[in-house]
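Order of writing sets the labels: A, B and C. Residues in every chain begin at 1.
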Amino acid sequence: MSNALLEVKNLTMQFGGLKAVDGLSFKVNKGELAGLIGPNGAGKTTVFNMLTGVYLPTMGSVHLEGLVLNGKKPFQISHLGLTRTFQNIRLFKGLSVIENVLIAGHQHVTYGLFNSFFLGPKFRAEENELFNSARELLKLFDLETKENEKAGSLPYGEQRKLEIVRALMTKPKVILLDEPAAGMNHSETHSLMDLIARIRTEFNLTVLLIEHDMKLVMGICENIIVLDHGCKIEEGNPGKIQNSKKVIEAYLGVDEDAAENGRAH
Amino acid sequence: MQDFLQHMINGLSLGSIYALIALGYTMVYGILQMINFAHSDVYMVGAFAAFYAAKWLGIENSPGFSTLIILLLVSMITCSLLALAIERLAYRPLRKAPKLNILITAIGVSLLLEYSGQVIFGADPKVFPEVLNDSILAEIGIVQLKLSDVTVLGVSIVAMLVLHWLIQSTKVGKAMRAVSLNANVASLLGINVNRIISFTFIIGSSLAGIGSVLVGMKYPKIEPLMGMMIGLKAFVAAVLGGIGSVPGAVLGGIMMGLSEEMVVGYLSSTYRDALAFGILIVVLIFKPSGLFGKSSVEKV
Amino acid sequence: MKFLKNPAISFSALMILGIVLDFGFNAYIQLTVLFVLVNCMMAMSLNLVNGYTGQFSLGHAGFMAIGAYFSAYASLNFPVLPGVLSILSFTIYAFIGGGLAALFGYIVGLPSLRLKGDYLAIVTLGFGEIIRVALQNLNFLGGARGISGIPSLPEIRLGGFVLDRFFVSYSFAIFWCLLCFFVIWRLMKSSHGRSFLSVREDEIAAEAMGINTTKTKVRAFVLSSFFAGVAGAMFAHFTNYISPSSFTFLMSVNAIIMVVLGGMGSMSGSVCAALFITILPEALRSLKDFTGVDLRMVIYSLSLILVMLLRPQGMFGEEEITDLWRRYVKRSS
């Protein structure tokens, strides 16, 4: 009985003549904080899109707690406990901060049209609960004072945080973070690292993240999967990855002076 | 069998006109991803321009090859100028706006042309000048091959060949193809995107202009709302062929013409117009990308 | 303004207005008022789909036609209950008419709402036209000649009071308009309403957050069609004559103009725009008589273009008249 919460077997994505992802297999264990790295164009976001149902894999399968995910619609996958953030922030920019979070809580709402029209007790109770949960989450991320501001007007770093808050509102088991530190400076990245480690523990989550910032990846990831041109070229803990010749070559090319640690590309 | 042949000839003739107009829709969609609702009304204005030009030049009663050429030119030029103005004034300012806005604007332009037409030209139909001395070129039993049909087919084929040459073999054509694939990258490569877009409108409207003279020749009654039905059918033809695809528009047009003729000939003429809607619904539900279109994958 | 949030109070206030209209104005103005209410309902229902859910529907006239034809046919072929209960008959016919329109909304919506924006617009346009062509060919519904002699809502005697035909029609229309308004308004304040907005803002993100976007879009579409059907039923009883040419693409465009002008995503905007659009042709009538030429539709289409170019968010954008009141009026005081 494996501890794998999320498992991917022989995953392949073919766009016409291009194989974006080729025969990828890996596991993420329950409670693990894993990283998916690789040079630009390696196919990382494509993998996320296949995990979340945006793309239908050409071949292979995705499993969550043993349940097959590929072929399911994105909203169904969300209901099963897999959620994500986006590389290019996809907040509901015209809506307020709290509305963004409340919408993610919709899947847990049980009242119908009727109740909402007559303002019945079920409606009031569930709405209260929704608002309270949303506010608690926002507070955790220091966003509670901006509740009614338009999401699009937030500074970049806070927009990224809001995306994570929104994803957490779906009460997920697994959260996929697509380049959460993109555009952040050193101190922001540092806070983010703490935040991710914290939410993993506090919310009992399993985390898989895509990142280019090696300090973050090596700092918090327990298992790292390295992709290049759609194939897995290495997998292991930070130490193993940092010392892997294959990984260094993938990022920097062959016959170059390789930097031992620190930023890659 | 002879009935069938006659219907085929009629259908091809009708279909090539649909194809000419459908090309305008498809080219503008390919390059701007918008449905130019006003296209069929530009077509209408072309017909009226030819009508008034014939009156003004005194050639309304002198059919002949030269009349045909003059009217074609008048219509093409009028349609192009009108389309250029519309693109510049109504569509270009909305290039960055949400798609809905430009669609609504296009509807507005279409209505404006129709109602202005009714005010300026008068709502009652006019008689298009005689373009050709129509004669029967060949007769096999009861099947008649008329000069008008041959002219329609001939002119359409020439126009489409010129278009094909333009798109495939000229620098401008290459630029058009580039812009329709990715306007941003095309502009980075030095292509003047605005000019290419204007050029596309000119080409598309010229074809519609040709279509309007051919229609005037075959069905001489013209009125300000004449663009509505034919515009819809041509649009369905473009969707059927795959909107954005030039060969698709041609094939779609031919198919629409042929099927309409067959339905009228073998079923009943009451279904003539309903057929277009029916085909549209079926295509959009089962294969929205049409015969030659490709569904694009949105980058997430 | 807050007290108007209570439906009972709004209803009463509007009833008082109705009495004023009844005694203070002539039949022409009264009919215009009824048309304003029909248009209000058309605009509010379309706003739900176009404004809040961001789906472009161009076939609203079709749903209106379904409701109109059902109610007209039913009121002519099934006995209307006598006296005060006649209102009940008309209400039932309107309800069923709306239900039928909603059913069609479901049938049309389910396959079409998978399609991208432009395509959906075309399918709905096609649907509206197919309904019109179908009605032209259905002889038991009058074919091209339509149905005439549709009964109006009758006058009602309550004890010693006589409520004349206008007042009864007006109350009927007000009831349905308020129902439509409050249903949509309350809906938008609930989680379901927020899911409509999420579909408008970013469908892919909404799906990722667990929103069944297709189901959401169909829901909006069906609810919108229901009220369009009811609006159609009201239209039939107010004009007493309907034909397929009453429900053309132009009527759908009319509804679009109202929603766009009012602001896609604003209920009060839709109401104000409905008022404006209904009154405008009448106001321009004097221009027509003066110049001898009917420029009304030309001005109409030109204003649509100008609004899209100069103020695409319409009158109120996504806000309500109360938000603007709060911002501009209260601040200065």
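As a working rule, contacts are C-beta pairs under 8 Å (C-beta built on N, C-alpha and C of every residue); 3 or more make two chains touch, one makes a residue touch a chain.
It should be emphasised that the depicted structure is a prediction, and the values quoted were computed from it without experimental measurement.
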| item | value |
| --- | --- |
| Innermost chain by mean C-alpha position | C |
| Maximum centroid distance from chain A, chain identifier (CA atoms) | B |
| Geometric centre distance via CA averages, chain C-chain B, whole Å | 35 |
| Length of the line joining the C-alpha centres of chain A and chain C, rounded to whole Å | 43 |
| Inter-centroid spacing, chain B versus chain A (mean Cα positions, whole Å) | 49 |
| Set of chain A residues in contact with two or more other chains | 54, 86 |
| Where chain B touches two or more other chains, by residue | 300 |
| Multi-partner residues of chain C (each touching 2 or more other chains) | 204 |
| Complex contact set, residues of chain B against chain C | 33-35, 90, 93-94, 97, 99-105, 107-109, 111-112, 114-116, 118-119, 235, 239, 270, 273-274, 277-278, 280-281, 284-285, 288, 298, 300 |
| Chain C to chain B touching residues, read off their complex | 50, 54, 56, 111-112, 115-119, 121-123, 126-127, 129-130, 133, 137, 204, 250, 253, 256, 260, 264, 293-295, 297-298, 300-302, 304-305, 308-309, 312 |
| Interfacial residue positions of chain A with respect to chain C in the complex | 52-54, 73-75, 78-79, 83-84, 86, 90-95, 99, 102-107, 109, 111, 113, 116-117, 119, 123, 126-127, 130, 166-167, 169-170 |
| Chain A partner contacts - residues on chain C that touch it in the complex | 182-183, 186-187, 189-195, 197-198, 201-202, 204-213, 318 |
